[in-house]
Amino acid sequence: MLELNNVNLYYGRIQALKNVSLSVREGELVALLGANGAGKTSTLRAISCMHPIKEGSIHFSGTDLTKVPAHRLVDLGIAHCPEGRQVFGRLSVKENLELGAFRRKDKEEVKRDLEWIYSTFPRLVERRSQSAGTLSGGEQQMLAIGRALMSRPKLVLFDEPSLGLAPLIVEQIFDVIKKIKEQGRTVLLVEQNAFQALGIADRAYVLETGTIKLEGTPEQLLSNEEVKRAYLGG
Amino acid sequence: MDSTYLLQQIVNGIGLGSIYALVAIGFSITYSILRLINFAHGDILMIGSYCALFIFLSGKVPLVVGLLLAMGFAALIGMLVERIAYRPLRTASEESMLITSIALSILIENLGILTVSAQPRKFVFPEVFAKNHELAGVTFNNMTILTVGVAVLLMILLTFFVKNTRLGTAMRACSENIGVARLMGIDINIVVAIAFAIGSALAAVAGIMLGGQYGRIDPLMGFIPGLKAFVAAVIGGIGSIPGAVLGGYLLGLFEILLVGFLPIEYTGYRDAFVFILLILVLLLRPNGILGSAEGRKV
Amino acid sequence: MKKLLVLLFSLVLGIALTGCGGSQEKEQPKQAGESGGDVIKIGAIYNVTGAQASLDGPSLNGFKLAAKEINAAGGVNGKKIEVVSIDGKTDQTSSTNAASKLVDVEKVSAIAGFSDSNYALAAGPIAQTAGVPFITSGATLPSMPEQVGDFFFMAAFGDDAQAYAAADYAVDALQAKKAYVLKDTAMDFTMNLAAFFEERFKSKNGDSAILLEDTFKTGDQDFSAQITRLKALKEKPDVLFISSGPSDCGPIVKQLRDAGVNIPVVSGDGFDTPLLIELGGKGAEVDTYFATHTCLNSDGEKVKKFVDDYKAEYNKEPENAFAALGYDTMHLIADAIKRADSADPKAIREALLQTNNFAAVTGSITYADGKRVPKKSVSILKVQDGKFSLIKEVTP
Amino acid sequence: MMNLQKKKLYTLLALVALFVILFICNMLLSPYHMRIINLVGINIALVVSLNLTNGFCGVFSLGHAGFMAVGAYVAAILSLPLVKKAIILPELPKWLGSVELSFLPSLIIGGLVAAICALIIGYPVLRLRGHYLAVATLGFLVVIQVVITQLQDFTRGARGINGLTQYTNTWWVWIFTCITIYVVWRIINSAYGRGMMAIREDDLAAEAMGVNLTKYRLLAFCVGAFFAGIGGALWAHLITVVTPLSFSYDRTFSLVVMSVIGGMSSITGGVVGASLMTLVPELLRNLEVGITVGGISIPPLYGISQIVLSVVLIIVIIVRPKGIVGSREFSWNLFKKKKWNTMNQMEN
């Protein structure tokens, strides 16, 4: 479904991605692991056309993503849930969610989806007209996820959804991601929290300084000594 | 000083403030989305007033139609300027955009001199607008009423647009986080074009009102109101529409009251006081009165 | 790096090309008048762009019109006049560069220009050093020729002359004993004008004759604060002296009259603009007098001819008196060249100094007693029936 | 890489060459051309000093013309001959009215007063960031202009001070220019300079690393103002008139334009930007001459040079947003590398 081939990406003169190739099949939950600065976010930025790549190709269901303007991505069925949540703090919760469905024309369906998001994240209901900036970190993450889902994506990209959240909340977030996958959506999950990510992933890649170091099922990776030492504190 | 005098000065201040507010809004919305200080904004004001001069002061179309046409034309110019000069700089530094806006300002002013000549033109509204009213010892004319009325009406419309429409929400989203707004499927180019169109249309109205109050327009008329409106936007909190409005009225009142109440020897220092006020506001509330802290991406 | 070099190279090339293009054009007219060619080069520096453009543009038009007329009539001493005009851009650096270019590169026989002393004082010294006469057509600061040197001439009268004439008119014709003064602090012209008026008025009516001196700044739109202060004066003034530039006079007069202040208003040539009537409206019809260079509505033969010619050439009325001043300056220079029978700058200077009763549109010009500020008549005008009408002409 | 000794030698030789060329120019060229060359020099010094604050330190200041004004007025008042002073500025306080300094001390005092102004204004204002700082410095420029206009006794207000002695000549200008470049070069290659650039890259991180933000910015600001003050004074004694209008927005904007066009964070960029933007408008003047082609005369289009210039400016910024030179710096290695490249090619 999603195919990256030998992607090279630069920030000025600094190369952030070196020949990154990875693929996500339909219905899969793939985790992309790595330390800070390994290039995880850059990979996502390349996929969602937020930063042009220098070489390589990115295809989604046959469409060449490098030729698509960023705002058309949702039309193709890709939603990006960005790092650090980045909800629109001055907008209300409801407005944030509605923006998720910005390009959708089916008003009735959008309403239904909105209700569904509210039922999935009951804490958002009571705060719907509150501005998003006043929400707690966990609530903002839920909002960001809800916002991403409002576009009815086929593929959801999560960038560090557990970052800076309390363990209990992290648990909830990962439950939700699992649920999303179970609904038949494809998920690419970028995480530093490798242990948790591997707990729900079908497959995983490990990035190190801009290159893919390892690839495999959670079981394979969990048994890999190197991974254990580097990412699992083992 | 008696209270009538004070009241009179306040009325004058509100008249001037309305114009500043209209221009400041344009500054604020383009800044909030692109982080662009658009020094050419004042020149759009000039274009709007000339457009009005050629359209409705010819007496061939009703005032309202003329006003709308001038607004539309200015909006078109605003979008054109954005398309040609600013869009290629989306990813460039703030300084590059600043310089571009200065260059644009020079360009527009000189094109103005070349096409409509440097001679000031008479810009007089129909006789009715010069009619004076007196209320509790305060005199004001229909022009002032029109200025304040139109300004307030436009600001209400704008607030409604921004708060209650899909595009308005998109605009607010862009002003907060342009990158994520794109991920939502918002076409930034459209939003920016609309922001420029709105800002330019409002500036055109300000130019027309300014011309009407002063009675004359010339190709260099936009610079000072542009600069003052920029100060107003910063005082109010650049990036915030209510802030721009508040800043505009505060600055208008402050200027008029300074001239009204300072001893004669010091009235010449007015602009110095205006900018000292600006610096003080910046130091005490670095994001302006109504501005919220800018999120810094680390 | 390569891209950079290419860019730099193309830039340099571009500059070289424009440079060459320019010099090629200039080679067509033959070199310098003084070397015996058949043209006499006269330099003109006017700020045709920037804030001064509304004054300097008409001046340059008038200047060129005069040159065209002179050439059509066969030129001066059998030689054609070639006007080399450079834009001063309302910038002192540009103005001095322009003067330097005219003197050093174009080798002009004389330079004319400017309606504001800020620029005349910057460009003048360059002509002075090179020994080329500089005639400012519109700047009126009377001390300039003394400050710059013996090659600096003024074609217009000094601020002192017009302010004195205005003060005399206020005292003699309007019977004024007490005056109120409102001046623009942003211009040297308005500051000087007010100072000269006060000096003269006080010398006639005593030191306490000025009841209040209030100020504003170019571009101010609202004069209600000043008017309120004027109305609050215990003793009513008999005359209001408004020292303002062309852009502010209309609104001031209008707001004064709207506020019910009907005391006579007197001013200088800053009021000599159609804007006074257009913006002052009915207010300007109420006892508004000013001293200026000439009355373009008058029936004088010279004035009529100038106005007609200007209309024929530029399809519009002369915008203001500066157009006439530019016109006069060219004729003044041509007259001096004729009398000197030479295009040599020093000879022209000598001849200029001898100018006696030269009949110009803006009155007759005489440089008496070696002074390079002309003795010139001042016209007192009044607004009447939507037009300026001449009240009297005084020769100081 | 070239060794340091050799580089120093080359630099020295280049300097000597520069002054020999200037000397020859001075003999051969007309005063007009020398005036332009001198203006290039003054503008280089002004822009390089502006780059110290705006480019290297990331303090985007729009107040440079304000400091020029301070330096110019102080030097003008100090250097004005006593006879003239008594006529032009009769209201000066005694201690100032009876002083006539020669050019060099006037220049230096002018620069110092400008630097002191920078200290006073900078201390509160430099805590601001980005655009807010730009606006605050613009505000300072306005305040300076208003004060100059109002302090009639010292400055003659709007009338300005004219009749200054034309002290400024090629040597004053170019020696000053070289000193400015040298000092700025020394500063950016010192520990201070590295601190400044750390601030530019990321002020939060720099602060966290213990760089005293305000101190560094203040230093850059004051040094920039010092040279701006001297530059303003040199300008004043070249033009021989100073008025409040001499140092308006236009002046500040044109300096900032030069700086950005050349490359803000590079001395070389400053030199290139200032030279180009001084020379090009002067050359573009030739476009404003009316042309007669085959009997059809095209009247001169005044303002066309500004129009062409602003269009070119916009294009340059779009094509090279970092300026013509970018953040590169001239170095003797440049030549060596080139030689090395060609040698390589020959071997191939």
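Labels A, B, C and D are assigned to the chains in the order they are written; within every chain, residues are numbered from 1.
Everything below uses one rule, namely that a contact is a pair of C-beta atoms (placed from the backbone, for glycine too) under 8 Å apart; a residue touches a chain by one contact, two chains touch by 3 or more.
Keep in mind it's a predicted model, so treat the numbers as computed, not measured.
Contact count check for B-C and B-D (C-beta pairs in contact): higher for B-D. Rounded to whole angstrom units, the spacing between the C-alpha centres of subunit B and subunit C is 35. If you average the Cα atoms of subunit A and of subunit C, the two centres end up 72 Å apart.
For the pair subunit B and subunit D, the distance between mean C-alpha positions equals 32 Å. Distance between subunit A and subunit B, defined via averaged C-alpha coordinates, is recorded as 41 Å. Across the assembly, subunit D contributes residues 149-150, 302-303, 306 that each touch 2 or more other chains.
Counting partner chains per residue, subunit C has residues 48-49, 185 touching two or more of them. Looking at subunit A, one finds that none of its residues touch two or more other chains. Every pair of chains in contact is given here: A-B, B-C, B-D, C-D. Residues 30-33, 35-36, 39, 149-150, 157-160, 162-163, 166, 235, 238-241, 243, 245-246, 250, 272, 276, 279-289, 291-292, 300, 302-303, 305-306, 319-320, 324-326, 328 of subunit D are the ones touching subunit C in the complex.
By the touch criterion given at the top, residues 166, 169-170, 172-173, 176-177, 179-188, 292, 295 of subunit B touch subunit A in their complex. Taken together, the subunit C residues at the contact with subunit D in this complex read 4, 7-8, 11, 15, 18-19, 21-23, 25-26, 28, 48-49, 85-87, 89, 91-94, 96-98, 100-101, 103-105, 117-118, 121-122, 125, 130, 141, 147-148, 185-188, 191-192. Those residues of subunit A lying in contact with subunit B across their complex are 48, 50, 69-75, 79-80, 82, 86, 88-91, 95, 98-100, 102-103, 147, 151. Subunit B contributes residues 31, 35, 37, 85, 88-89, 91-96, 98-100, 102-104, 106-107, 110-111, 113-114, 223, 227, 230-231, 234, 238, 268-272, 274-276, 278-279, 282-283, 286, 296, 298 to its touches with subunit D in the complex.
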